[in-house]
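In the two complexes that follow, chain A is the common piece, with chain B as its partner first and chain C second.
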Partner chain A sequence: MSFWEYLGSRHEQLLADAYQHASAVLQCMVVATLLGVVIGVLTYRSAWAGDLAVTVTATLLTIPSLALIGLLIPVTGLGVAPTVTALVLYGLLPIVRNAIVGLRGVDPSLVDAAKGIGMSRPARLLRVELPLAWPPILTGIRVATQMLMGIAAIAAYASGPGLGNEIFRGISSLGSANALNQVLAGTLGIVVLALLFDAVYVLIGWLTIPRGIRA
Partner chain B sequence: MTWRTRRPPPEGERPAGEHEVHGIAFRDPETPEEPPPAAPAGRRVGPAKLTVLPSFLLLLLLGTWLWFRGAHLDAIAHNAIADGNVWLRLRQHIVLTVLSTVLVLVIAIPLGVLLTRRRLRPATPVVVAVANIGQATPAIGLLALLVIWMGIGMRAALVGIVVYAVLPVLSNTMAGLRAIDPTLAEAARGIGMSPLGVLFKVELPLAVPLILAGVRTALVLNVGTATLAYFGGGGGLGDLIASGITNQRMPVLVLGSVLTVALALLVDWLASLAELLLRPRGLEAGD
Partner chain C sequence: MPEPEPEPGTVPAAAHAVSGAAIHLENLTKRFPGSSAPAVDCVNMEIRAGELVVFVGPSGCGKTTTMKMINRLIEPTSGRIRIDGEDVTGMDPVRLRRKIGYAIQQSGLFPHMTVAQNIALVPRMTGWSKARTGTRVDEMLDLVGLDPGEFRARYPRQLSGGQQQRVGVARALAADPPVLLMDEPFGAVDPITRDHLQDELIRLQHELHKTIVFVTHDFDEAIKLGDRIAVLRERSHIAQFDTPEAILTNPADDFVSGFVGAGAALKRLNLTRVRDVGVSAFPTATVDDPLQSIFDQLRTGTTNEVLLLDRHRRPYKWLRRGDLMRAKGSLARAGTLVHDTVTRDATLRDALEAVLIDNAGRVAVTGRRGEYEGVVDMETLMNSVHELLEADRLDAAEHQHLLEEQRSQQTRQEQEGCAPGEPGEEG
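Showing the complex of A and B:
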């Protein structure tokens, strides 16, 4: 069976897997973004808390994803729970780091000026600091999404959802006629999803980065 | 000048540098604090850097070992770790990591140097595009494709790990070489150095911190990708994790995971020490 015939005959299964993959990554990214920005906002003003958050996230990022999933399984069991936990955790890391770096990089004279015209602390944060720190945060979100695409594939081994199942089906039937088709379909599917997400982020950047600070 | 509205303490109890005007305490501008004493030359690594992570790892491994000794192991779990399997997998993992890192550096750094030479500059966008697609490729898919192409075994795993890590290290090296102040290379050419002289005596020494960062990136990435080598018959600690998952034997799963985590943290720590110790002296003032 050629690759195109394979795609034709299995397109329902593949589309369902691709949809689950994209939806798992998307939902985990939304949670990770919210949590990451909140952690960044809470810690960036204190030297030690911010540095601690950056150090902890950098350390966690060195942990291989299969090992983290392995440590989660005794706690959460197999399936969606360890997948979502691992995806949110890994998604957090680049966002927290970039949020802290971005918020700390905001020119203090601008914050001072906002204070001078009578803006309250939440207003300063929402209308001055976060919009200025948004480009690095968005970069963090892009990096995190690409990473999660690959980690979600590995999580399929712990019975997680998505295109990783296609790859592992191929691996477990190595030598059979369809092994290559399965692995290829899963891998290319993830590449296409990752590039699509990236294109959407470029668009979001165009729409949300304030005109004054666009590069 | 800062002022405080707290009640003035009784006469004669003001701390030094504070005085009273109309019942309000005024304080002289703080005398600038002495700058912290510069770290003695030759000691760039503080005691915390040397002790925190190793002691954490020791506790982690000790705790796991104690727990593992008390855990109930049935025949299947026993089988998964029998005959020195744990040591074998750990050794395989280290071999895979070290070999692949050496290969990554041997490929990526010369390639980065070549691609930043003037004649090959036009190729840069192509490399960046390939690197972007490479980043989007899942490691497990890449590895599986290589196994189908090259057959099961350590060789396919090694190639997969190397391919996966070459791109980030390559783009790091290129960014580092391009970020070097062009006037420095210009000056070196101006005093009559040959192109090779400029490269080896000016550009590469200045790029050392970046190359070391590349080494660290490669090592950390490779420890992670090496866990997937098991799925292509390449061995490594992924064997313990995977058999723990498929057989539902938690002690095996946790042992494999903890060993992998400890190895990853240790490797990252060693690489960060190397980064601090091997950086050229002349570049320190710039930090």
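Showing the complex of A and C:
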């Protein structure tokens, strides 16, 4: 069976996997973004707390994904739980780091001005600091999404959802007729999803970064 | 000075502008953690309502720190600040700051907001309606000399430095605060724009009568803008707090005279306008006069020169007796053209400049539309300057007395209230 014939005969299964893959990444990204920005906001003003947050999230990233998911299985069981946990943890680093760098990079004279004209601490954060730090944060989110696309494939190891199942099935049946097609379909599917997501981020950037600070 | 009927297009707000509030600094001290000497040591100062006071001093003297304690961007270690009699030292700082305009160097505009959004910030925070804020934004842009239609929707980076600074001032004034703090607002623009902005500020203050505290390290700027100038030395000790005239003619000590720099008498010329000194009349004739009458005027008159005016009574030519002899019946080639005039609003310095350049040592003074009003020559200028300086000296002598009294009072206060400030002085 050629690759195209394979795609034709399995497209329903593939689309379902792709949908699940995208949905898992998307949901994990939402959680990771919220968590990452909150961690950034809580820590950026203190030198040591900010550095600690970056170091911890960086350390998490050095754990091989397969090992992390393997370690999570005894704690969370199989399926969605270890997948979500692992993806959120991996997604944190770029977001936390960029949030801290972005927030620390806001011109201190602007913060001084915001204070001086009578903005409260929450108003300063929401209306001045976060909007100005938003471009680097969005870059962090983009990088994290690209990373999670690949890592999510590993989730199939813990019976998680997504295109990883296709790849693992192919690897486990190497030598059989469709093994290569399966691996190829899964991999290409992930690449296409990643490109689609990136296009969406470009659009989000256009819509959410104010014209006054757009590069 | 609220105008009873503002012209259309000008700012109605000026009509009901609150005049500023008085500010009292009492034993104000700031000690930053980790440094033994206080950054600001026991400052006592009384700033009257509607007055523009300039803090001037070398960098690091604590002038900005002192100013930032007024809106509590820096919390005082001890001492009190009263605005309009009310002690604001314990007040919620956010609420306090909404009643104090704040303009800083490089404008401090938020780059992600449009000009209109920047100006609208404080009114919106203090609960103004959208509609009221919208009209206010246009008023403020008008006030600082920017066309609302053109600038409302622009982002700060689409403005020149001078325009940004104007918007910064508009934002500071938007909610009509009685007090305005300005921290070297014109420090980062080119000299020509700075000069314009200073003139604008003088005009604004003339309309609005806010209490303005203005920080700068540029003494010439201080002289130009200040109703009174506080010359500060290290730890914000007040070396002298007085009118520009008094500081120029009678600096309190070597520190102040060092800061005033060379040419105090020349700088003094910047403070007086031509309209304040005597403008003398000069024999004139107009181009429409018959030649014969001009002849007669020159022959019989006490001077041997007349100022020829054009049809709009603008100074046109200086005519000497000798010129007429050579004119041979026509004025077209006779005399020397008037190449420079000064208005009544010009400073004496401008007038002196013009007089020095003129080879006969005089310059014609003109009114608003360029029409002749009189002449200033070297002699009147010299006499006026001498009189001015003499008057300043008399004022200063009177002031000296007052100053000494104040100082002894301050010393007493320091000994009583601010004793902790003293150990630093011994080091």
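The working rule: the second predicted complex is superposed on the first by the 215 of 215 C-alpha atoms of A that agree within 3 Å, B and C clash if a C-alpha of one lies under 4 Å from a C-alpha of the other, contacts with A are read in each partner's own complex, and residues count from 1 in each chain.
In this text, a contact is a pair of C-beta atoms (placed from the backbone, for glycine too) under 8 Å apart; a residue touches a chain by one contact, two chains touch by 3 or more.
None of these values were measured; they are calculated from a predicted model.
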Looking at the overlay, does A:Ala113 come into contact with chain B only (first), chain C only (second), both, or neither? second
Please indicate which partner A:Leu184 is in contact with in the superposed arrangement: first for chain B, second for chain C, both, or neither. first
Could you tell me if A:Ile213 is touching chain B, chain C, both of them or neither one (first, second, both, neither)? second
Is chain A touched at more residues by chain B or by chain C? B
Touched partner set for A:Thr62, first chain B, second chain C, both or neither: first
Once the shared chain is lined up, is A:Tyr157 touching chain B (first), chain C (second), both, or neither of them? first
On chain A, the residue positions that both chain B and chain C contact, one per complex: none
Sort out for me which residues of chain A touch chain B in the complex. 59, 62-68, 70-71, 73-74, 78, 146, 149-150, 153-154, 157-158, 164, 167-168, 170-171, 174, 179-180, 183-184, 186-187, 190-191, 194-195, 198
How about chain A: which of its residues touch chain C in the complex? 109-110, 112-120, 123, 128, 131-132, 210-213
Using the touch rule from the top, collect the residues of chain C that touch chain A in their complex. 71, 73, 94-102, 104-106, 108-114, 121-122, 125, 155-157, 171-172, 181
For the chain B and chain A complex, residues of the former touching the latter: 132-133, 135-142, 144-145, 147-148, 152, 220, 223-225, 227-228, 231-232, 237-238, 241-242, 244-245, 250, 253-254, 256-258, 260-261, 264-265, 267-268
